[in-house]
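Below are two complexes that have subunit A in common, paired first with subunit B and then with subunit C.
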Partner chain A sequence: MEISDSLSFLLTLPLFAMVLSLVVPRAVQRGYAIFASLLFLALTVYESSGILFATSAATAARFAVEHQLQWLPQIGAKLSLRLDSVSAWFVVMNALTAVIAFSSKGVWYRKSPKLFTALGFFLLFGLNTAFLSQDLIVFYLGYESVFIPMIFMVGIWGENQKASAVFRFFLMSFLGSILMLVSVFFLLSRQVKDGGAVSSHLGSLIPVAGGLPELHAKLAFFGFFLAFAIKVPLVPFHSWLKDVYVLAPFPATIWMSAILSKLGVYGMIRFVMPLFPQTMGTYQGVLMAIAACSVVYAALLAYRSNQPKALLAYSSISHLGFVMLGVFTMKNQGALSAIFLSVGHTMVSALLFFLLSKIDERSEGLDLGVPRGLSQQFPVLFTALFVVMLASVSLPGTLNFAGEFLVLLNSWPVSTLSTVVAGFGAVLGAAYMLKFYQQMGFGASSTDPGKQGAHAEDLSGFELVLVFLLIMAVVVFGFQTSIFLKGN
Partner chain B sequence: MIITLLVFLPLLGFALNAFYHFNSAARKREPSVWVAGLIASSAMVAAFVCALIAWARLKGSAGVGPVLEESLFSWMNLGALHVEFGYRFDRLSAAFTLVITGVGALIHFYSIGYMENRGSARYFCYLNLFCFMMLNLVLGSSLPQVFLGWEGVGLASYLLIGFWSKEMANIAAAQKAFLMNRIGDLGLLFAMFIAFKFAGTLDLARLAGFEFRPDVATVFGLLIFLACTGKSAQIPLFTWLPDAMAGPTPVSALIHAATMVTSGIYLLARLNPVISQSTTVLLVISAVGAATALMAAITACFQSDIKKVLAYSTISQLGFMFAACGVGAAEAGVFHVVTHAFFKALLFLGAGSVIHALSGTQDVFKMGGLRKRLPFTFWTFTAGWAAILGLFPFSGFFSKDMILHEALVAAHGNPWVFGVLAFSALLTAFYMTRLYVLVFFGESRLSEEAGSHVHESPLVMILPLVILAVASLAGGWFGVPVHLETAHGEGASSVSPAVIMALSLLIAGVGAFLGYRKYSGTIQVEATKDPFRVDEFYGAVVGRGVKSLASFFGRYLEDGFFQKILQVSGAAVDLGGNLFKTVQTGSAQGYLLMMVLALLGLMFGLVFGVNGYGN
Partner chain C sequence: MSAEFDLLGPWISLCAGILLTLLISVIRTESKRPAQISALITVVGTAVLSLGKQPSEAALVFAGSFEISSLTLLVLGGLCALAAMFILGTGHYLSRERIHISDYYHLLLILVLGASVMVASRNLILTFIALEVMSLPAYTLAGFRRNDSRSNEAALKYFILGGAMGAVFLLGSSFVFGATGTLTYSGVFSASKSGGVMLELGHLLLLVSFLFKVAAAPLHFWKPDVYEGAPTPVTGIMATIITAASFLTLVRLIHMIDYGAAEMGNYLAWLKSALRFVTVASLIVGSTVMITQRSLKRLFAYSSITHTGYLMLGVLGSFDSGASASSVLIYLCGYCVMSTGAFVLLALSKSPADTGTELIDLTGLMKRSPYLTGLWTIFLFSMAGMPFTVGFFAKYFVFMASMNGGETVVVVIAALCTVVGAYAYLRAIALMTMREAAPTSGEWELTPGSQLVAVGAAVFVLFLGIIPNAMLQYLKGIPLIH
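This part shows the complex of A and B:
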């Protein structure tokens, strides 16, 4: 491991882009946002290429980078950033999500575009802080800072009746993160009691957590667990989700489902697993059952939803249940599969909401009833939607299949019952996704072609290229899985 | 790389036609059915030639079980799991490959005539995609690769059943097929997890040589069989196949008669050594196969839609094949797969030719007397009819006979299975003769509109019919295409094949006679009936069950319980102070202010609080 300074640009560049967006003229805001986020994606991939494209786990470990700065010595908080084979994927997903979100439904650029772009880049910054930080206090700050742009986005650009939805979102997430903060302080206070140096670095907290009496360890565990369970979310901690997803503007929904949910996944893998392995082991059966129930419960509710955006919201919860099932196996291979599937989930759920936003643009709005029979009119858009739908139902040959397959393969010996239950979620998944596609794609057209106005064109240009590349990635990485597994 | 080439040729056809489709759409032009059809057909012909070359090489190579192997890349490596992506061509795969590419190529050609003015490049895209996936299924070297093909053919089937997507009924049929298959697919998925847990490998060759613990072998075998009942339309997952007739008729011939629905037989034959480790599994397979054969044969007698009769007939014939696998004579099952592929494809394409001639009429009670007006169709259909009845010397005679014989003499043979299959064979002769007579003999009952422009099909459709008729006639003479390990001589009884041959000819004769007598005179129109009503039962129990569970969760948990919790906690916070009052106004600035204040407060407390603690 080497100490280097090369990581801080992953934090400073988004801030710089945020400031710059305030001076870029309104007219070119969208182009600026997309270009800057693409550039940032390229830089992120370049920076992590040593880790991503390493052929073995050992090579990847050699490319891991840790970078430290003194920050708040009183509480031992250091700006301690680490890019390794776990965080690299999340940082790349974060940059990718920004590209897709900025390219989605363009209507929000009519109202305060500068503010929106600035918020988007702030989000990128906050998420990268959380994904890179090895220090729990700094992680917490990054984790919390994400609320600010999110609440602004839903508040300013969201649909009507958003107040109570935002309130719930805020209430539940805040409840979770406060409990996590209490747990962090609890660990810090133990450190003080034990008379050692105070440091909120993960490395120095692991022995502290390991030395806790059983009850204390359980309490501290639940603080973390609840925060991340709400963030993912796992059923029954999900009730904030549907309304916010539905009422938020499309880019915000993309951000929430594709990457904010991964904060929970990441936190569970990076912090909860190493800090509380024993406690987690005690509750493993329950945790796996919760994950499996999330899959089926959310799938049933998705099946029941008639509103496409709500359906996709539940579908997102359902698929994250599979991810968590992999995490809760508490094995290296399970966690790897879960990260693998996370990447698939990020691409596919972002693409689904992205394509839905394009349908929304081209019909008279989804809130006026679901448009029908559009596949004849927009063949390219609907072909893309169909292929992404196949990835979402994890048809073999896609990234999501390989991820889901490996997760279930690894969870089978740990808890066969949970795996079987989750497996039925896969059948339900096909049921609601076919319904989702069929509602809008097939049958006689319900919209009057004359009314479509300027948006009646099929997917083309930059959007088409973006979607095509992402779909190619989903297929190629469905076969070239070694990039994720590295012979582990 | 001949195997890889033959698998990827249809994918190339798919890609070319996809490009052609979108390119024409962009230029607002209708793609030509001839261009698209010839691209797709040539891909299939080329694949067939490759399959023949590979077959010749296989024959030339020495050894008991010669295999051509090609490994492409490593697919999934994690822990003890190593999945190679590659192809393996042995006698079993060869039999299936030749059928898929050979019959497939004929049906591609036929489609050019059948889909004229109704088809597009899209149709041929799907057809080629299907063949690609099907070839992966039968040539893949590991279970995950079989699964790729397994779900891939399900996808192609979905796309083709719902090909005419403006009719919502077609879409519903397509979805039903996909979902019922997905339930079966779970069986294969779980079977893979078990195989990996106990055998540590998913490679087919290594798995076939593995000795499982007896109880594990039973669970594994039953899960595999569950998957097979989905794909091959056996009890309990068969109700999707009759609905699948909503697709274009060549699709029914290729996917829902000749190839995809025989995947289950392939998998059972491939895993025969493992399946045979459990007598329970074998018993279940033979019982379900025989029951399906009977049930579907009975139902076929009550159908009036020409395609539905053939669909139930297919289910019934698949039951015969499963029963063969169950009694321990998988090779007889595979033999019947091949002959059935010829004559059932022929019958479906013949039916397609009739439907084409009558501009879409499918009700056999509105046909009659077509013998003179569609001579080519009539004579080729006659060959198919004779073959499915098992008349000497048509191909069905050999394979059906072999199954009946094995049902008695094979290691796990059983007189009950024999009896049920023999009675099903009688019914087969009855309903097929009923169909044959109603369509081609007697007086014309055509509606005036349909009768006014009856025409024999074009050459591009007739030619495949003739070739398939020849294959149906001669196919049985080549004998069993595979030699799987089966234990002979310890069967329930020993009966000479000659007795069975005589008996099965007698059965066919009686069935045909009864059918002819009943339907040759004045025709009374019969209403379509489903005597078992399994479909309705599923709709009422499973369909409604899932819906009510979903709405129960929705109403009482999602919109009930969880909302209450949120409301209560929201109210509590409201009572707690004026700070949250701003929330009710819904202003984002309010939240932001709150956030920032909260964060600042936290930071403040954090820095000084902990610092103080330290002192």
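This part shows the complex of A and C:
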């Protein structure tokens, strides 16, 4: 492994872009944000390309980079950033999500656009801090700071009655994360008691967690688990999600479903698995059952929704249930396929919400069950939506199919029942997505010409290229499974 | 003797400044500007003098009853700096309320003197005198809006209860004297090895009077009313200067007993559980009642009760290791700056004082003044303990101190209270940023002085939230208890 300081730009550039966005004129904010995030995506991919496209675990490990910077010796917190075959995917997904979110158009580019762009880049910074840090205190800082832009995005550009949704989102997430922090404190205080030097680096906390008495380990595990289960969310902890997804402006929804949820996945893989392998093993059956129930229950909720945003929100939970099923297998291959599916989920759910925002621009209201016949008016947009929808229901040949298949393959030997139940959820997925597509696109052609008149434009230009490239990525990676399954 | 006077320099300069300001206010009654400038020069000068000195070890003067050390000089300098922020940042409030009279300034200076001597005192009688020197101006200042019945109520309530608690302190001192035959902290410390009910009772009474001063639940009931009735700058001074000095004195009083002695083992266990109860009660009462408040001052009153609870977490941790006591200092440092910023902003509200500034007055502030909203957001987030503000590290250290002291359950309760408290702060932020302004929402005016202070405090909060190294290094090197 190489020690390098080339990683810090992944944190400093977003901050720089944030400051710059306060100077860039209002009129070109969207162009600036897209350009800067594309540039950042390119740099991120370049930096991690060695890891991403390596074909074997050994090659990937050779390209892994760790960067240590002394930050707070008083509390043993270091800025130790690590780019390896786990974090590289999440960092790239983060940059990609920013591009898609910034590309959506709406009120956020008319009302205080500078603030919006600045918050977006701050979000990029906070998420990268969380995804790269090996130090639990720094991870927590990144994890927690993500709330700040999210609250403001939903609160300022969201729809009516957003305040209560914001509060519920904030309180539930904060409850989880503060209990995680208490768990970290608990581990740190054990370290003090054992007389060692205090360090919140993951590597030095693993032996501490390993030496905990069983009850203590269970409680500390619970703190972490609750934080990440709320963040993902898994089913009993999902009640904050629907309102905030529905009322949030589209970019915030894209960010939440595509990447904020991955914080939970990442945290579970990166921190909980190495810290509490035994406790997790004890509860594995329960955890698998929770994940499988998430898949089915959220799918049922999605089927019952008559609001497309709510439907996609529940569909997102349902797919994340699969991801967590892969994580809870506690096997290397299971975790890898979970990351694999995460990448697919990021692209597909970001695309779905992005395309929905395009429909929203062109249509009066979004409720399902109102025939609009929009597919005749906007054939390109709806063709794209059709392809993405197929990816979402895991049609063979897409990234999501390969991911879900691998997850089920890995979870079968661990818990057959959970696998069967989750597999049933996949069938429901096809049912609600087809309902969604049919009601959005088909039906009698509406006499209502839509928001922008009869001559509203179809998807074109930059947006078309972006959507096309992403769809290509979903398909191409669907066949290139080897780059995901190289081991970590 | 001359060496002692040299050591006492900063305190003497403060006294000289008080006399000068008093003189000016007697001579120049028609204008308050000279008194304001004189007071400002006094506190800034004293702060520079005291923070410039860094004695490597503590010196005791006046027969061992007055301590001059890096801690007491830091406290004097810090309190003077806070006073300077209030003098600079809230003059316009006094003018608007027509209470801008010269007497305000020398009373404020006397309060600072009392507060700093109280922390430096190593003798119970001196502590009592300093307590009264600090409290008497505070009672007067609380009633400064003399035509307003609420202000009168605040002053009277504060005076009667404060006076009663002063009496409790004296009673405790006499018990301690009866048990040990001495009034100096070090004398009590060495005499406490033999224990005794009289000593324990006396010590407990001393603590009760200071738990009242810092408004730890269940002795908090006076705080919301006094906060609401007092003029806003005075409320701010109570929340920062008086709270900080009282809390530091409380810590020193707690540690005037030698808990290592075998005879004190039972007492220690008992005291710890009492303090545990006070901590949890302050946290729960403060954070839950805070979310029901409509008046901003009452909200900050309950918020400061919660902060007392967090500070008590640091105290709970300090029994096992003296190093944990520095968490109290770190918390106070962050808390004082963010509270000063918040109260300077609160004093900008043009709502009529007799109704007070309500939460609703913040509605839609972002449309009217994004600048002011930004400052409010920084201070409120810091109080909630969000990352990248000093509030986060302040909480980090008290939580860690308590956790290291083995108080896991209390820490979990404190964490849950943080979530509840965060709701109250977030509600204020939501009103500013997420609602449209109503015609009834109040006006806010920015003045250059307040702007300077608030921006300075905000920069401090953010800077220490990202790179607190220098502050931690400095504060950790200061011994709070001996």
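Methods note: the second predicted complex is superposed on the first by the 472 of 488 C-alpha atoms of A that agree within 3 Å, B and C clash if a C-alpha of one lies under 4 Å from a C-alpha of the other, contacts with A are read in each partner's own complex, and residues count from 1 in each chain.
Just so we're on the same page, a contact is a pair of C-beta atoms (placed from the backbone, for glycine too) under 8 Å apart; a residue touches a chain by one contact, two chains touch by 3 or more.
This one's a predicted model, so the numbers in the text were calculated from it and none came from an experiment.
**Q** For A:Y283, decide between first (touching subunit B), second (touching subunit C), both and neither.
**A** Neither partner.
**Q** State whether A:F405 touches subunit B only (first), subunit C only (second), both chains, or neither.
**A** Touch partner of A:F405: subunit B, not subunit C.
**Q** Looking at subunit A, does subunit B or subunit C touch a larger number of its residues?
**A** Touched residues of subunit A are more numerous for B.
**Q** Just checking: does A:Q333 make contact with subunit B only, subunit C only, both, or neither of them? Give me first, second, both or neither.
**A** first
**Q** Examine A:I148 and indicate which partner it touches, taking first as subunit B and second as subunit C; both and neither are also allowed.
**A** The answer is both, since A:I148 touches subunit B and subunit C.
**Q** Please indicate which partner A:L390 is in contact with in the superposed arrangement: first for subunit B, second for subunit C, both, or neither.
**A** A:L390 contacts subunit B only, not subunit C.
**Q** According to the stated criteria, A:V182 is in contact with first (subunit B), second (subunit C), both, or neither; which is it?
**A** Second partner only, subunit C.
**Q** Does subunit B (first) or subunit C (second) touch A:F9, or do both, or does neither?
**A** neither
**Q** On subunit A, what residues does subunit B touch that subunit C touches as well?
**A** 72, 74-75, 137, 141, 144-145, 147-148, 151-152, 155-156, 162-163, 166-167, 170-171, 174, 181, 185, 188-189, 192
**Q** Which bits of subunit A are touching subunit B when the two form their complex?
**A** 72, 74-75, 137, 141, 144-145, 147-148, 151-152, 154-156, 162-164, 166-168, 170-172, 174, 181, 185, 188-189, 192, 198, 236, 239-240, 242, 297, 300-301, 303-304, 333, 336-337, 373, 375, 379-380, 390, 395-397, 402, 405-406, 408-410, 412-413, 419-420, 423-424, 426-428, 430-431, 434-435, 438, 441-444, 479-482, 485, 487-488
**Q** Under the touch definition given earlier, write down the residues of subunit C that touch subunit A in their complex.
**A** Spelled out, the residues of subunit C in touch with subunit A are 366, 381, 386-388, 392, 396, 399-400, 403-404, 408, 411-412, 415-416, 418-419, 422-423, 426-427, 429-430, 433-435, 468-469, 472-473, 476.
**Q** Under the stated contact criterion, what part of subunit B meets subunit A in this complex?
**A** Of all residues in subunit B, those touching subunit A are 22, 25, 73-79, 81, 85, 144, 147-148, 150-152, 155, 162, 165-166, 168, 171, 175, 178-179, 182-183, 186, 189-190, 192-194, 196-197, 546-547, 549-551, 553-554, 557-558, 562-563, 565-566, 569-570, 573, 583-589, 591-592, 595-596, 598-599, 602, 606-607, 610-611, 613-614.
**Q** Along subunit A, where are the residues that touch subunit C in the complex?
**A** 71-75, 137, 140-142, 144-145, 147-148, 151-152, 155-156, 158, 162-163, 166-167, 170-171, 174-175, 178-179, 181-182, 185-186, 188-189, 192-193
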